[in-house]
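As written, the chains take the letters A, B, C and D, and residue 1 is the first residue of each chain.
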Amino acid sequence: MSFNTFGRVLRFTTFGESHGPAIGAVVDGCPPGLELSEGDIQPFLDKRRPGQSRFTTQRQEPDQVRILSGVFEGRTTGTPIGLLIDNVDQRSKDYSEVAAAYRPGHADYAYDAKYGFRDYRGGGRSSARETAMRVAAGAVARLVIPEVTITAWVEAIGGDAIDYAKFDAGEIGNNPFFCPDPDAAVRWEALVDDARKAGSSLGAVIACEAAGVPPGWGAPLYAKLDSELASAMMSINAVKGVEIGDGFAAAALSGEANADAMRPGANGPEFLANHAGGIAGGISTGQPVRVRIAFKPTSSILTPVATITRTGEASEIRTKGRHDPCVGIRGVPVVEAMMALVLADQKLLHRAQCG
Amino acid sequence: MSFNTFGRVLRFTTFGESHGPAIGAVVDGCPPGLELSEGDIQPFLDKRRPGQSRFTTQRQEPDQVRILSGVFEGRTTGTPIGLLIDNVDQRSKDYSEVAAAYRPGHADYAYDAKYGFRDYRGGGRSSARETAMRVAAGAVARLVIPEVTITAWVEAIGGDAIDYAKFDAGEIGNNPFFCPDPDAAVRWEALVDDARKAGSSLGAVIACEAAGVPPGWGAPLYAKLDSELASAMMSINAVKGVEIGDGFAAAALSGEANADAMRPGANGPEFLANHAGGIAGGISTGQPVRVRIAFKPTSSILTPVATITRTGEASEIRTKGRHDPCVGIRGVPVVEAMMALVLADQKLLHRAQCG
Amino acid sequence: MSFNTFGRVLRFTTFGESHGPAIGAVVDGCPPGLELSEGDIQPFLDKRRPGQSRFTTQRQEPDQVRILSGVFEGRTTGTPIGLLIDNVDQRSKDYSEVAAAYRPGHADYAYDAKYGFRDYRGGGRSSARETAMRVAAGAVARLVIPEVTITAWVEAIGGDAIDYAKFDAGEIGNNPFFCPDPDAAVRWEALVDDARKAGSSLGAVIACEAAGVPPGWGAPLYAKLDSELASAMMSINAVKGVEIGDGFAAAALSGEANADAMRPGANGPEFLANHAGGIAGGISTGQPVRVRIAFKPTSSILTPVATITRTGEASEIRTKGRHDPCVGIRGVPVVEAMMALVLADQKLLHRAQCG
Amino acid sequence: MSFNTFGRVLRFTTFGESHGPAIGAVVDGCPPGLELSEGDIQPFLDKRRPGQSRFTTQRQEPDQVRILSGVFEGRTTGTPIGLLIDNVDQRSKDYSEVAAAYRPGHADYAYDAKYGFRDYRGGGRSSARETAMRVAAGAVARLVIPEVTITAWVEAIGGDAIDYAKFDAGEIGNNPFFCPDPDAAVRWEALVDDARKAGSSLGAVIACEAAGVPPGWGAPLYAKLDSELASAMMSINAVKGVEIGDGFAAAALSGEANADAMRPGANGPEFLANHAGGIAGGISTGQPVRVRIAFKPTSSILTPVATITRTGEASEIRTKGRHDPCVGIRGVPVVEAMMALVLADQKLLHRAQCG
């Protein structure tokens, strides 16, 4: 089946292909009375928008969102919020070769194996273009959780990581890489430029932190906060790994080294560490919620790769056209959006059960 | 809310606390006509059962499962399968201290913050004891996917990893660590013994592979196969990270190095690599599905850790009693069960949409 | 598929067959801190219990419920509540004929057509015995909505209706028919006795009212309060019709005659009529919620009916054994339970979205 | 909460208000490879379209649907199908009075009680305009069940019923009332004209039959075919009652009179009656599935009705503007659409579990 809805009580459903007339989303279950206009959504879309630097795809999409329903006199009414973005810059001519042969690393072969055929134009439904609607839905979700501040950044590109000693959240918006370490940003400029010029691509690691999450959000056992976040993040195109808190590093620690000791604080407990990433037993502890996400390198590369055609013959394919040399970079606003959507959903779920 | 159900069309629901009278599960949506008896489930429970070596908790639970419904004359009827395991070896006296103070790393504080109070006996609902029901449900799921072979093993304990050059699947059952590398198994014996004697604990990494998954399983976009697996694995107690295929390592690769090239094979395409872990665009490719999972060290340790009491005073807590020095070890059958449950669900979903 | 779960955030799942070892339910999403013991559930089960008068089946089931989880020190913990009732009085020998031929009006043929075979003992999963678990779950749901008073009664048996001029809620518990009109109760005694002695059966109409539902519960558009009630009631064995408020009678009214005019009242609006049955636009209005439910006559009758065998030959079948001459009578506590379950779920949903 | 999604695996989500810029739907889970264009949907929308005779509202909406996604080269791809209809003929000036006072029988008060405020223009989200999207989604669902023929008709208006002896399915399309009895159609012309001229309104009963449903569709226990149909029909604006087969009439029958006897037929069993409406135990029997639905009279009438204002004062309201004198008439294509959507969903569910 196809399950294009995410969430339990604050749910969003997306539709649309890379080269269809439009992409859209329906956000359902939003509390009434929240001030909402296109102006609340557009800045997040602009942050994700392609074509803003030479380090992302040169496709030019204004990504102007329209609210079609669910808002009256500037406030949410509690009814479903329809969101629509017209596709403007589709160049279908670029994609003729893709119709005939499978691009390794892409969804091409898997979609054909599942559905029998596919909309091959720009990746069709499997295009990262869909994430624009997540960003739009996420902007709505943020209104549901004003107590929470969400910040994501790129932690590493192509294996070159930032130095957390130089971490400056204020720097994240000052470079095209969402990089909080100004020195790393300089290095990445060369790194990504080289990859781009070579027709190659690079992977990336994104980190995301949500501050201000009160203790008690999360829905054990099978909608645990960490489980929902893992699902949300792993559903983003090109993501291959998710960690909560220390993640895989925790597997190498002793119980003593991994313990987040507590002491009395001004407002509830004060934690002396946050190895757990703000989640215990699937429920938020009041510490910042921390997630790390691994993005594989963009599968579209100019180097020819061995493949097969739709009819099963051996072939080679080079993926020409406009691509992100490092798809992880534009993942930052998407990761933030998914964090907002999960937290908003869990806030409402917590309110349902625990009043 | 509390969401104790997992799955889309093949769903299971669990209930029960560590020290209540019983734990149980309901498996709903199972196809009719499959041969099923307690004998099909018990071996998997035995594999997970505590108290089998000195490297796991000494709690003695026979974990005898009873099928209460959904089976008639030895075959599944298509109606819900009720499964029940009586709790036998509850020693509630061990847990008095836990009622008063929060064990760092455990769900204690988070549950209290969410629900106002908690069943503190043996971790209550947040105990890993619940995973017995996942294993039981997973045994049913395996019957739904006879074409698939699932194998999990421990890849590292406390940061000491196996050597894949020595990998021998036949060794996994020959040691108490589900270790495929006999040399590592010897090392781990000392490692875990030391931790156990010191009242300390160790983290672990588990790897799991499902062979025989045909191409086409997976439900984009928000029930992608990788997304569902991430959710399933992250819902297991103590798990802090999930990778599909190369996972975080892929983030350091170039597009060329990460490409899973294809060539014509005897039965459909033959892949020259499996960086993707058998999943592209959220859909299986026909390659083995590969997942890695990070388990944090058991939070129950003998070393005193600073904490607070229920009433907010500073305190210290040592977790006495019977614990797994490395909870990841017993995670192996649980990981396999979750893999089976996700794949069986996706198989049925695929059949629903694509016939 | 088989979907044995009902509800959105307060959900219950049932399992069990008429002649299996036990039947059970899991109630998930219950708010924490509610006082709950077997004593809160048992009275409702006793009300539904068979064998209490000659007007219901003579099967003797004590229907003693056990709470297996989700309650600690007498209060709900917020974790799933496992409920179990052992089957005691199964006489499998009564059902040999049913294995071979299909009883018209029963689920026999449909189950075989769907699943290929069935547990034919006592109707297996399609037995009204399952409704015991709804009643048990409903008893939990009532604790979630203490502001609501739910009353159901039998309005007609075999086409003989009560006289609402003689309606006395206090009479409902004074006769074996849940009849609020003492004169009708006398008539029904003869009516049902005649049917019972003749090996025949009778249909019934049940009415149910929930007083105290505040305005605002309901989840448009596809989980409207009336839509959920219709689904809940139609899921009960033998139910063939559901009405909200005036129901089919409203279809014969003019707009003027059907208008529920309002005027200012002490606590919000005062309604001058309740044609709508307390629901407008799928949302409660604060008036009593009113539902009517049609039960067909028990399909098990002694008169031989033409049928076919499993292998397709012509045959005749008389349904011997212990049966309710009017299955609608014991529907009263089941209808009340479903009302409670729907309202409790909607209360929590309302709280989730609207705070 | 707001739950604007219907279905289990073939799901549709709608959004949009009566006087917003557009209404839309997302149909998710549709099998791939089905031929689909706007031309497959438009005829059903045309059937429901307002302003086609003097017996329906004079609002002029072309209701031109656009497919925004999920179709490629004329066939469904298996990805979500986005559907959009622009609102053209909104006259917001008509609705000023409604902003201030509650129209009895409408959702006005209930929406305010739930959400705190509402989009009062043309009923906002609670307008029957939303049903256009159900009709559009239903047209897609029909493609999933080509073996099924769905026919609905008006059986009674204002209490004046057709004579089934004169039933002629070919007549249904020959009059503006979807009336299969030509004599009744003549009578209804006068009846509805009178109501329209008097500013009054009338209720209606719709009957719907689905022929060709094979035995075995349905998902016990809580997604039974009858339960799902009841939910689907009761979710339609103005519906107050639903019957399967004989419905309430069955409650007055004896078991003998209600039995649907069987005998061997050319293709499986042949039934000698269909009191059950084609469903037993929640599963289709292979007989035609029969549903009856009661529509209350349109709540919008010219006669002044006592009400209260938003601020709680006594008032009177006459509902001027463009209204259907009998909203049940245009319910016919909506009922057919919901029937198609439920059956298509159940077909896919059946395939998932039973192959």
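The working rule: a contact is a pair of C-beta atoms (placed from the backbone, for glycine too) under 8 Å apart; a residue touches a chain by one contact, two chains touch by 3 or more.
Protein names from UniProt, one per chain: A, B, C, D = Chorismate synthase.
From a predicted model like this one, the values you see are computed outputs, not experimental measurements.
> Using each chain's Cα centroid, which is most distant from the centroid of chain A (Chorismate synthase)?
C
> Consider the two chain pairs B-D and A-D; indicate the one with the greater count of contacting C-beta pairs.
A-D is joined by more C-beta pairs in contact.
> What is the distance, in whole Å, between the centres of chain A (Chorismate synthase) and chain B (Chorismate synthase), each centre taken as the mean of its C-alpha atoms?
Centre-to-centre distance between chain A (Chorismate synthase) and chain B (Chorismate synthase): 26 Å.
> How big is the gap, in whole Å, between where the Cα atoms of chain B (Chorismate synthase) centre and where those of chain D (Chorismate synthase) centre?
Computed value for the inter-centroid distance: 46 Å.
> From the mean C-alpha coordinate of chain A (Chorismate synthase) to that of chain D (Chorismate synthase), what's the distance rounded to whole Å?
39
> Two or more other chains in contact with one residue: find those residues in chain A (Chorismate synthase).
Residues 1-5, 8-9, 14, 29-30, 32, 78-79, 114-116, 125, 220, 348-349, 352-354 of chain A (Chorismate synthase) touch two or more partner chains.
> Across the complex, what residues on chain A (Chorismate synthase) touch chain D (Chorismate synthase)?
So the residues of chain A (Chorismate synthase) touching chain D (Chorismate synthase) come out as 1-5, 9, 11, 13-17, 20-24, 26, 28-30, 32-33, 66, 68-70, 72, 75, 77-82, 84, 114-119, 124-125, 348.
> If we count contacts the way the header does, which residues on chain D (Chorismate synthase) are in touch with chain C (Chorismate synthase) in the complex?
Residue list for chain D (Chorismate synthase) touching chain C (Chorismate synthase): 1-6, 8-9, 14, 102, 104-111, 113-116, 125-126, 130, 156, 158-159, 195, 200-205, 214-224, 226-235, 239-248, 250-264, 268-269, 272, 275-277, 279-286, 294-301, 303, 305-308, 312-314, 328, 349-350, 352-354.
> For the complex, which residues does chain D (Chorismate synthase) have touching chain B (Chorismate synthase)?
The contact residues of chain D (Chorismate synthase) facing chain B (Chorismate synthase) are 8-9, 29-32, 78-79, 220, 348-349, 351-355.
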